[in-house]
Amino acid sequence: MNLTLILPITIPMLTAILTMLLLKSRRAQRAVSMLGALALFVASLWLLADVWRNGIQAEQMGNWPAPYGVTLVADLFGAIMVLLAGIIGLAVAMYSLVSIDPEREAFGYHSLYHFLLMGVCGAFLTGDLFNLYVWFEVMLMASFVLMALGGERGQMEGAIKYVTLNLLSSALFLSALGLLYAMAGTLNMADLAAKFSSITAAQPHGLVTTLAMLFLVAFGIKAAVFPLFFWLPASYHTPPAAVSALFAGLLTKVGVYALIRVFTLIFVQDVGYTHTLILVIAGLTMVTGVLGAVAQNEFRRVLSFHIVSQIGYMIMGLGLFTPYALAGSVFYIAHHIIVKTNLFLVSGIVERLGGTPELKKLGGLYQSQPSLALLFLVPAMSLAGLPPLSGFFAKLSLVRAGLEVGQYTIVAVSLGVGLLTLFSMIKLWNEAFWKPVPEVVGNNSETAANLRAWLIPIAFLASITIIIGGIAGQTFALALLAGEQLMNPALYIQAVLGGAP
Amino acid sequence: MNSLIMKTTARFLMPFLLLFSVFLFVRGHNEPGGGFTGGLVAAAAFALYSIAFGSREARRVLRVEPRHLIGVGLLAALSSGVVALINGQVFLTGLWGYIRLPGLGRVETGTPALFDLGVYLVVMGVTLAFIFNLEEAE
Amino acid sequence: MEIILAFVIGGLFAASIYMLLRRSLVKLLIGLALLSHATNLLIFTAAKLTRGNPPVIGADATALTPPFADPLPQALILTAIVISFGVMAFALALAYRVYRSVGTDDLDQMRGTDV
Amino acid sequence: MAIALAVFSGFGVALAAPVLSRRLNNAAGWVLALLPAALTLYFVSLLPLAAAEQPAAFSSSWAPELGLFLSFRADGLGLLFALLISGIGTLVIVYASGYLKGNPNIGRFYAWLLTFMAAMLGVALADNALLLFVFWELTSLSSFILIGFEHERESARAAALQALLVTGAGGLALLAGLLLLGLAGGTLELSTLLGQGDTLRASPYYVPALILILLGAFTKSAQFPFHFWLPNAMEAPTPVSAYLHSATMVKAGIYLLARLSPALGGTNLWMYAVGGIGASTMLAGGYLALTQTDLKRLLAYSTVSALGMLTLLIGLGSQLALKAAVVLLLAHGLYKGALFLVAGALDHETGTRDIRQLGGLFPKMRLTALAAGLAALSMAGLPPLFGFISKELTYEAALEYGPWLTAAVVAAGLSFVFVAGIVGIGPFWGRKTETPRSPHEAPPSMWLGALTLAGLSLLIGLFPATVSGLLVSPAFSAAVGQTTSVELALWHGVNPAFILSVITVLAGGGLYVVRGPLRSGLSRLAWSRGPAFLYERSLDGLNALARGQTRILQNGYLRHYLFSILLATTGLAGFTLLTKGGLYWPSAVTDVRFYELALGVLILGAAFAATISWSRLGAVAALGAAGYGVALIYLLFGAPDLAMTQFMIESLTVILFVLAFYHLPHFAQLTPRRSRLRDLLVALLAGGLMTSLVLSAVGVQLFPSISDYFVENALPLAHGRNIVNVILVDFRGIDTLGEITVLGIAATGVFALLKLRMSRRKTGDEK
């Protein structure tokens, strides 16, 4: 029996159920929610330590042997993702306590929050394709409700697009799944990998490659790549900052995770076709995303579009398809989750202080809030890839991986997009922090003293991005191991199905 | 929809439907049925009642809040997995045993049955929550 | 029969997508409902059909006698049906709230968060 | 270890600077200056080691897999730079304490200035290319913050952004170039790379790596056509201009060129690219300096010119040229730093930097005038100042390359003399003019730096041997890649270089005399469509492109988003299906019975009816009919559980639809016929794709299903006869756990959407 694999699912589930039953008592809910987030964080650390020390961990749910039952499995990549979910879960839970209004709490905010974490962790840990669909749905359903919770007009307009497009993605996923089962007779990912590798390595099977395309689109929608990303910029800036931050950090990354998982494990028979396509998509995603960000004039909208752009980087490593490149992807994802969540958390304070999300009406925060300014600058510069913060190493590893295999176009694109990222981060800085306070100030802006507690999770995440950079040797070594595991599916297959490597 | 026929039908059908739902649930492991259909039928019983008499009346008859049904159901399903953990088994491992029920004698049952009960409660609670809330929307 | 159903599935997808592309939110909901029918039927059909013979072991038997229908896709579809039921109910409530706060069901009027 | 500490100490002290500044008030500058002063002494103590070719070094790993090591090496070139950085840094911090006296943000200023200093030391002393890059980028960032110090002015913000973008773009090129260099040489350790010049030059990566690295160096060192950010950076407070934008940061590019010249130099490409750009920059900067009236911009342009001259010399690459470059580097740092400090003092005391408003200040500001005069003499290249030695060497180096190059260098020299006159003589002599503030001598903190630097110019000029052995020779050796010693002398006799010097001074003096008419004449020729214009245009273009693209892509129409997704799906999957040979025709399929066919037709008909129905209830009824039809299919093909569930759920869904539609508006025909046709086409395409996929998947079974296991073990191991139910609650129980969770969440969502009313006052967090 191995508890480490199941705890990241059961802890948030129990927390969510308890907060659901305790809906009437705000204090009890908040206490349970915080405890649950903390427990998840600890459990996720434990999981990573376990995988780090003992290699890929697998557990057959219900004690039914793979490939018949559902296997939970954590390789380093999965464990890293769970840890990130734990970190974000903790930071945003803290932030939620101070920033979410009692009305939303009374209607199940905390419960939804932990259900979402449950879905996310489940998706990272499952070794079964249909089970992945289920976790996707858990996560999506929770995110639908969190997105719409509150019923503001903007939320509604965003939610309708978010919901529709994600449902289309789910339908595609499910269809692809059904077709895949029809062909391969199994749903276990390791089993699929083993079967496909045995017959189609020499000559790729056309229908398998076609199904790969369906998965590419289905996961691509969730990951928000070009030209499937539209739901994201339409909706991510509409809910409360805590929700945006949680989404920005975790949701699209589950799509990226799924893409990386299936395109390293299952669909690797026609790499020249599929992965080149992924590389093209990566480049287009970077460019359209960053241009979208440049065109925005509101704090969170800029950030939202940047998510799209950065998804491109994460996919780039997959497209390059070397251990080093995948390590770059893993590193980039980790870095991005921390930094992006942090920026959204900052945006919440900025919008509170300024009383508006519009950059034109913001200003003066460098003078009035030097510590907030510094806490913005750290993740912003990290996002732009400035050394010695985590983003630099993420970009460095991808660029290096691209140069090593001679993919100069994507390297050039990624570097150019990095510059534009810097440009729009500076735009935020110039407008919200450096520019003097405009004449007309929103009348519902709050005083800074009330927001002291908001800075704690922000500082927590900012210190992580600094630490990741500071110990880049260790963190990248970990990512490199994860990348090597990803490029060597035999390890995964063996951990799940047993047998000789 | 406040017709007399409707009300009479609902009042008449409700116990049968509930009984039927329990029947479906109990036999589900061996024959078509199970927590899903059972829960749905149970919910349909209250739904019918609610359409006939209004959601307020139906909520009164139900006595528990649908949200609590959901919570308890989820807890039941989760705990059926945790029982295995406590016994040193993998999560959700089925544990079987016999219990003596008055009138039925020795009945084989196990944690999957608890799990299915959870499903039953959740499906019922959820469906009722849908119906009640939509009905109450102004 | 698989061939016939393949066309039925295609038709269901087409009908659903056509409805999703309408400007009216209400029609979009119909489209979503059709989408789940299409998907479920797709899984069912792709896994091949067996007439009659459900995967239930008779009370006096100890094993199934072939031919019988593949139980696994059925379990998957059942899960999918129930999930899409929940999703559908949520979508209906969402539509209600959207209409309440935006005041129209014309999706073209809901562009405020993009532009 | 000590050397790494020396670099990082600046970051540490920077953190403490704001607090210290609040505690110590005006004394803070003097206290903080102790750090760079101590560093200066430390670096001096390392000079003998460097001169003995046994430079102090330190190495530790940071991210070895990425090729990033924490390695430092203090050879002659590095120390020359480090001394400029720490030495001028000491004076500038003291200077800043006077210049920014009373400024509430002076603590932050110190912090960023020290951050910059540490980063710059890192650039000079790093022995790992990536480590150098890390510090390089940090100098860009701190420069950005410092240029924008007076951030409430829009011009300052724009200048800061411009500097960051230009140097940032170069930085990215540099990163790629260094990585390619690493690929070519198999290591990123500079000291190793420098020994493999021949391998590197023969590598296929040589040309791209060189071009990319040069882009990095040129943008940083404000080479033409990237020079425009530097004059604009004069928005920064003067201590910053003196420190970053004249003495140190802009020389980082020069440093990099000098550092890499043993590895990358010596080819024609190097000579023409580096030399050519350097010469253009030298001439453009020199020319543009003639037209300026703002003291700082004038100095900035002449700095551009000097940077060009340095680049040119490094590009030429001869021993003499490199020697001249090293000497010019030092000489320029001393006199230009001093002149900037003088300019700041003038600005501070008189309230203006317009050279037409400054004059006759000598009686009021004697010490400043003295510093200005000495520095100007050095800049003009007059003996016995250090500038003279530098200029002689430069001319000698140029003479090797023929008359054209010599003429160009002399032309730049003319501009130097001219600028020296304007800054060193103009404000202090001649007629006393009215200035916004009534001037008096600057406080000691503000003349001390200028006087020290100017004094050093004189001292070294008189006794060049003080620097030639310990400082110039090791630096020169590092730049040429071999051990050489340099003898510097003030007097070389009457040689061609000397004659050129005399000509330069005379002609430059002449230009100074006619400065008024010259300026107005030249400004009529002013070139408004230069690179700066191009920068503005491309920024505008970028914004327009971004807006245009986003307007098209993210247009807010859900339909368009769906379109894009559907077309991507059908396009990708359809194309793959056709080109990769994925199409199959089902072989083994069940036969068709009439009632089944009828059922199929019924489902299709119901779906069709749902799409064309004019009434909501009609559509819902049709939807229900389709659902029941599907349930019947399940029932017919051995899935009673599915049929039952589908039947129940369909009924409940219909009820929910009816309940919801009660609150929703009627159907409306909103789209014109043409778009309906287009939608139909897309829908049919997607439907067709699904049909062909199902047909193909039915036709291809690659492996048998795992289902047999469930059939065999359901009864003996899982104690159930209904295998579907056993799968749901046991074999794949965790699926079901997730599934009921989804339901629970959906119920919460329905509840919240229908019942939650936000109170209006709490809208701060939402849009």
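We call the chains A, B, C and D, going by the order they appear; numbering starts again at 1 in every chain.
Rule of thumb we're sticking to: a contact is a pair of C-beta atoms (placed from the backbone, for glycine too) under 8 Å apart; a residue touches a chain by one contact, two chains touch by 3 or more.
Please read all numbers here as calculations on a predicted model, not as lab measurements.
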| item | value |
| --- | --- |
| Path length in steps (a step moves to a chain that is touched) from chain A to chain B | 1 |
| Central chain of the complex, centres being mean CA coordinates | A |
| Pair with more cross-chain C-beta pairs in contact, given B-D and A-C | B-D |
| Centre-of-Cα separation between chain D and chain B, whole angstrom | 61 |
| Rounded Å distance between chain A and chain C, as computed from the means of their C-alpha atoms | 28 |
| Where chain B and chain C are represented by their mean Cα positions, the distance between them in whole Å | 24 |
| Multi-chain contact sites of chain D, meaning residues that touch two or more partners | 551, 554, 556, 558, 562, 640-641, 645, 649, 652, 656, 659-660, 663, 690, 694, 697-698, 701, 705-707, 710, 721-722, 728, 730-737, 739-751, 753-755, 767 |
| Residue list for chain C, restricted to those that touch at least two other chains | 20, 25, 28, 38, 42, 44, 46-48, 54, 56-57, 59, 72, 76, 78-79, 82-83, 86-87, 89-90, 92-97, 100, 107, 110-114 |
| Multi-chain contact residues (two or more partners), chain A | 13, 20, 61-62, 130, 134, 137, 141, 144-145, 148, 151-152, 154, 160-161, 164, 168, 175, 178-179, 181-182, 187, 233-234, 237-238 |
| Chain A residues within the chain C interface of the complex | 130, 133-134, 137, 141, 144-145, 148, 151-154, 156-161, 163-164, 167-168, 171, 174-175, 177-179, 181-182, 187, 233-235, 237-238 |
| Interface residues, chain C side, partner chain D - complex | 1-30, 33-34, 37-38, 40-42, 44-59, 62-64, 68-72, 74-79, 81-83, 85-90, 92-97, 99-100, 104-108, 110-115 |
| Of all residues in chain D, those that touch chain A in their complex | 61-68, 108, 130, 133-134, 137-138, 141, 144, 148, 151-152, 154, 157, 161, 164-165, 168-169, 172-173, 175-176, 179-180, 183, 542-543, 545-547, 549-551, 553-554, 556, 558, 560-562, 564-565, 568-569, 572-573, 576-577, 580-584, 690, 693-694, 696-698, 700-707, 709-710, 730-735, 737-739, 741-742, 744-746, 748-749, 751-753, 755-759, 762-767 |
| Chain D residues within the chain B interface of the complex | 640-641, 644-645, 648-649, 651-652, 655-656, 659-660, 663, 718-722, 725-726, 728-730, 733-734, 736-737, 740-741, 743-744, 746-748, 750-751, 754-755 |
| Residue numbers on chain D that touch chain C, as the complex places them | 551, 554-559, 562-563, 566, 586, 589-593, 596-597, 600, 603-604, 607-608, 610-611, 616, 619-620, 623, 626-627, 630, 633-634, 636-642, 645-646, 649, 652-653, 656-657, 659-661, 663-665, 667-668, 670-671, 679-680, 682-684, 686-688, 690-691, 694-695, 697-698, 701, 705-707, 710-712, 714-715, 721-724, 727-728, 731-732, 735-736, 739-740, 742-743, 745-747, 749-750, 753-754, 767 |
